Amino acid sequence: MMSIFGRSVLPPAVHPAMLAPDWPSGFWSHLIIFIVILFVFYIFMAMAFIYFERRVISRFQIRIGPNRIGPFGLLQPVADVIKILIKEDIVPNNVDKWIYLLAPAVAVVPSILIFAVIPFQNGASLIDLNIGILYVVAISSISVVGLVMAGWSSNNKYSLISAMRVIAQVVSYEIPMALAIIGVVVFSGTLSMNGIVQAQTVPYILLQPLGFVIYFLASMAEINRTPFDLLEAEGEIVAGFNIEYSGFKFALFYLTEYAEAIGVSTIITTIYLAGWKGPFLPPAFGIVWFLIKVFAVFALIIWVRATLPRLRIDQVMGFAWKCLLPLSLINLLITGAQVVFWPNLSQWVIVGVNFVLAGLLIALWSRFFKLTGDKVEV
Amino acid sequence: MVLKTETFILNAGPQHPSTHGVFRMRFTLDGEVIQDVEPVFGYLHRGIEKLAEGLTYPQDIVFTDRLDYLASMTNNQAYVVAVEKLAGIEVPERAEYLRVIMAELMRISSHLMAVGFLLNDIGAFLTPLLYMYREREKILDLYDMVCGQRLTYNYMRIGGVSQDIPEEFLPALQRLIDSLPRFIKEYEQLLEFNEILLMRTKNVGTLSKEAAINFSAAGPVLRGSGVKWDIRKADPYSVYNRFNFEVPVGVKGDVYDRYRVRIEEMHQSINIIKQAVAQLPQGEIMAKVSRVLKPAKGEAYGHIEGPKGELGFYIVSDGSANPYRLHIRPPSLINLTALRELVIGTKIADAMAIFGSIDICVGEVDR
Amino acid sequence: MKFKNYGEGIAKGMFITMKNAIRHPITTQYPEQRLNISRRTRGNQLVWDKEKCISCSMCARACPVNCITMVTSRDENKKLKMDKMDFDAGICISCGLCVEACPQTCLFMSVDYEKARYSRKDFKLTKEDITMTEKSKPSGYYSPENEAKLPTQTLLINRK
């Protein structure tokens, strides 16, 4: 298949039902060994992200983070995990029992399933589906059901308010996210994740700056990070849907939050920053560039968290429907027009034109729309 | 078919991360919109007014420290001004200037904390709060150098102050007031044009001029609504009529205006400290007061401009060494009477922002 | 046409956060590094100079919370002597009024601040516990000669 700018894209390295040519003894051993590697990667990255976040946020606040446990505090996440696992698991009396017990599982599992299609190197993913990015969008919407189950079954008014906010926020931000992804797919010509990485000679963050901004903001709203973290806002509703959870179930919710952050960082790296590609290193070491880019994206997320206050729920909804959705539609229109009418233009001209258009659109949009809600008559 | 809805009661209970202390608010909510609020307080009542009747006048200064424990110097000053008015004592010049320097430093520290906690409640995850705390640490170091404590100072006495300043105080103070305006400007820049902060604080919790006067509000709440009333200019006590400084006044009376008034007041306090250090005379620090003070029969009301509003003490004396009645006018409690009108019709997130901008301290509300 | 609200304020804020992230952190790692405490600090231990004391009980009368209990009696020369002096460090609020009230300046506060104990009974001290020895460290509150012997305080304003 040919991508938009006339360069050919290699066929996916693994057909979904066949083995990779260099793995011995069949399809099942590849699957099982890679699943074990993925789990180890997942747990290790979750602990690394927890440690990284605490140290970096402390530097923004001019203090030293945890540095007592182990050299430079590197065993701090281990201590955290042990502490959470040995805490008492309290189940209150009037909760809706089965929904209460199943909610953490429903929330955690989809965030692990995303890792099945991410390419760590050229062709090195668990399964290289040819509908990769569509699978990601579909799976990541399931975990909100777990949060709503937690909020409803806890029999607590604070959790109920939080559950209602979760539904509204996550469902509204799915649409700009999906539309920004369609912009990328139009440029690359394939839905498979490995194919998207291979089609990027110029990283898509330069070719679609407006799409990157929209996708970044929408995915921060999906994973409930500041400035959209009003679901677990400490100031008002004191930890939201995980008020009544303690012990291992709380550990699963905590892990979900970081797993979604890892998932979003890896997806942004794959789609917009050209995944495992990078200069100066032979192609067998693509995973080094991959990890560097993932940590860079996460550092940007932490930087935004350390600086900005949070928004109110009606401002969040207004931002999604009045601002991000029309901008993502216009982005798609511009991308489509460029592909259809000027397919042979050099890529750097498109970069320049897109940056100018992005700046113009953001300035224009900010002038003409109003976000605040007023006082309601009682 | 009409959709049937029901209101429910949410208890922002005594233990909550954003009510500054043990203060309870019972909201009646319809979805996210607040229909009614009922504040419940009294969880920190210690009986200070009754206990003060069993102690002598100099011993009562210790209890006034613990009223608004974040601004102890101005509490001391209010009590001492009231007793001096009752007993007719003249305070020497050097003591007055030292009192002014300490009170203005206290005002800066209290406003730093108020602004920091307001931003923390709005959601900025501790970063502006820790920047403000860093500057407040420098002020607390100065207080530690003079009177030995960082929180409950017990520094002012009836007739003057208790100890003179050591010789490394003035150079350190000079360095502090040279570096502080730059830091305050940096924090203003962090948040002044920030769109999210503007969206959260503009047109939220608007208190009109007439309503502010009717609720007898005082301090930045009153000045944010446009009323230019400051006791340091309207009824000057101590030596405040020798300094020239301005009184910042807001326009609309929303949360943003009160936040700006507090930041401008910090700049004006730095101005006053500079003038006081330049005019500081030598001399005595305490007037000749008998060891057991027995003022004549009568009553007096002494008030000052504290960081949270007008703090007043009403003392009735019957000629003995203990006061007959000591009553405190707490600015936080009287500013809170406006809470119900401000909060009805807004959402929960706004209610916390409004509550943070009134800036209470529960030790004062409950005494 | 004037443009506003397009994210300029947010960008400025993030730039300031990054500028502060490069500064040296101001944490003091406590048990390894200790700062010098103020020379006039008011701890809640008392240091009592036994030779100069005349048992007048002014300190017990000046205390607002009655944490000093003194029992005195007259001996054969009609001079006051001290039978019992109990000091409850758990009730003391570190106000320093007792130090101010003493006419012979024989009572001082202590600079030692690491005085946590395991049970409430250990807070009740007798007069042997608070008598001044070589190892006790009186602070300079209301006593300039003690103040001159202590090291100067570390100030945050002097650290960059």
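Think of it as A, B and C in the order they're written, each chain with its own count starting at 1.
FYI, a residue touches a chain if its C-beta (ideal position, glycine included) is under 8 Å from a C-beta of that chain, and two chains touch if they have at least 3 such contacts.
The model shown is predicted, which means the values in this text are computed figures rather than measured ones.
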Of the chains present, which has its C-alpha mean closest to the combined C-alpha mean? B
Set B-C beside A-C; more C-beta pairs touch across B-C
Between subunit A and subunit B, tell me the centre distance in angstrom, where each centre is the average of that chain's C-alpha atoms. 45
CA centroids of subunit B and subunit C: separation to the nearest Å works out as 26
In whole angstrom, how far does the Cα centroid of subunit A sit from the Cα centroid of subunit C? 52
Multi-partner residues of subunit B (each touching 2 or more other chains): 127, 131, 134, 190, 194, 196-197
Give the residues of subunit C touching no fewer than two other chains, as numbers and ranges. 5, 7, 10, 13, 17, 20, 26
Check each residue of subunit A and list the ones that touch at least two other chains. 60, 62-63, 306-308
Subunit A - residues contacting subunit B, complex: 57, 60-63, 157-158, 161, 226-227, 229-230, 233-238, 305-315, 371-372, 374-378
Quick check: in the complex, which residue numbers of subunit A touch subunit C? 58-60, 62-64, 303-304, 306-308, 362-363, 366-367
Subunit A-touching residues of subunit C, taken from the complex the two chains share: 1, 3-7, 10, 13-14, 17-18, 20-21, 23, 25-27, 29
What does subunit B use to touch subunit A in their complex? 8, 10, 16-18, 32-33, 35, 119-127, 130-131, 134, 190, 194, 196-197, 199-200, 202-203, 344-350, 352
Residue numbers on subunit B that touch subunit C, as the complex places them: 55, 58-59, 62-63, 127, 131, 134, 137-138, 141-142, 144-149, 152, 154, 162-163, 166, 168, 172, 175-176, 179, 186, 189-198
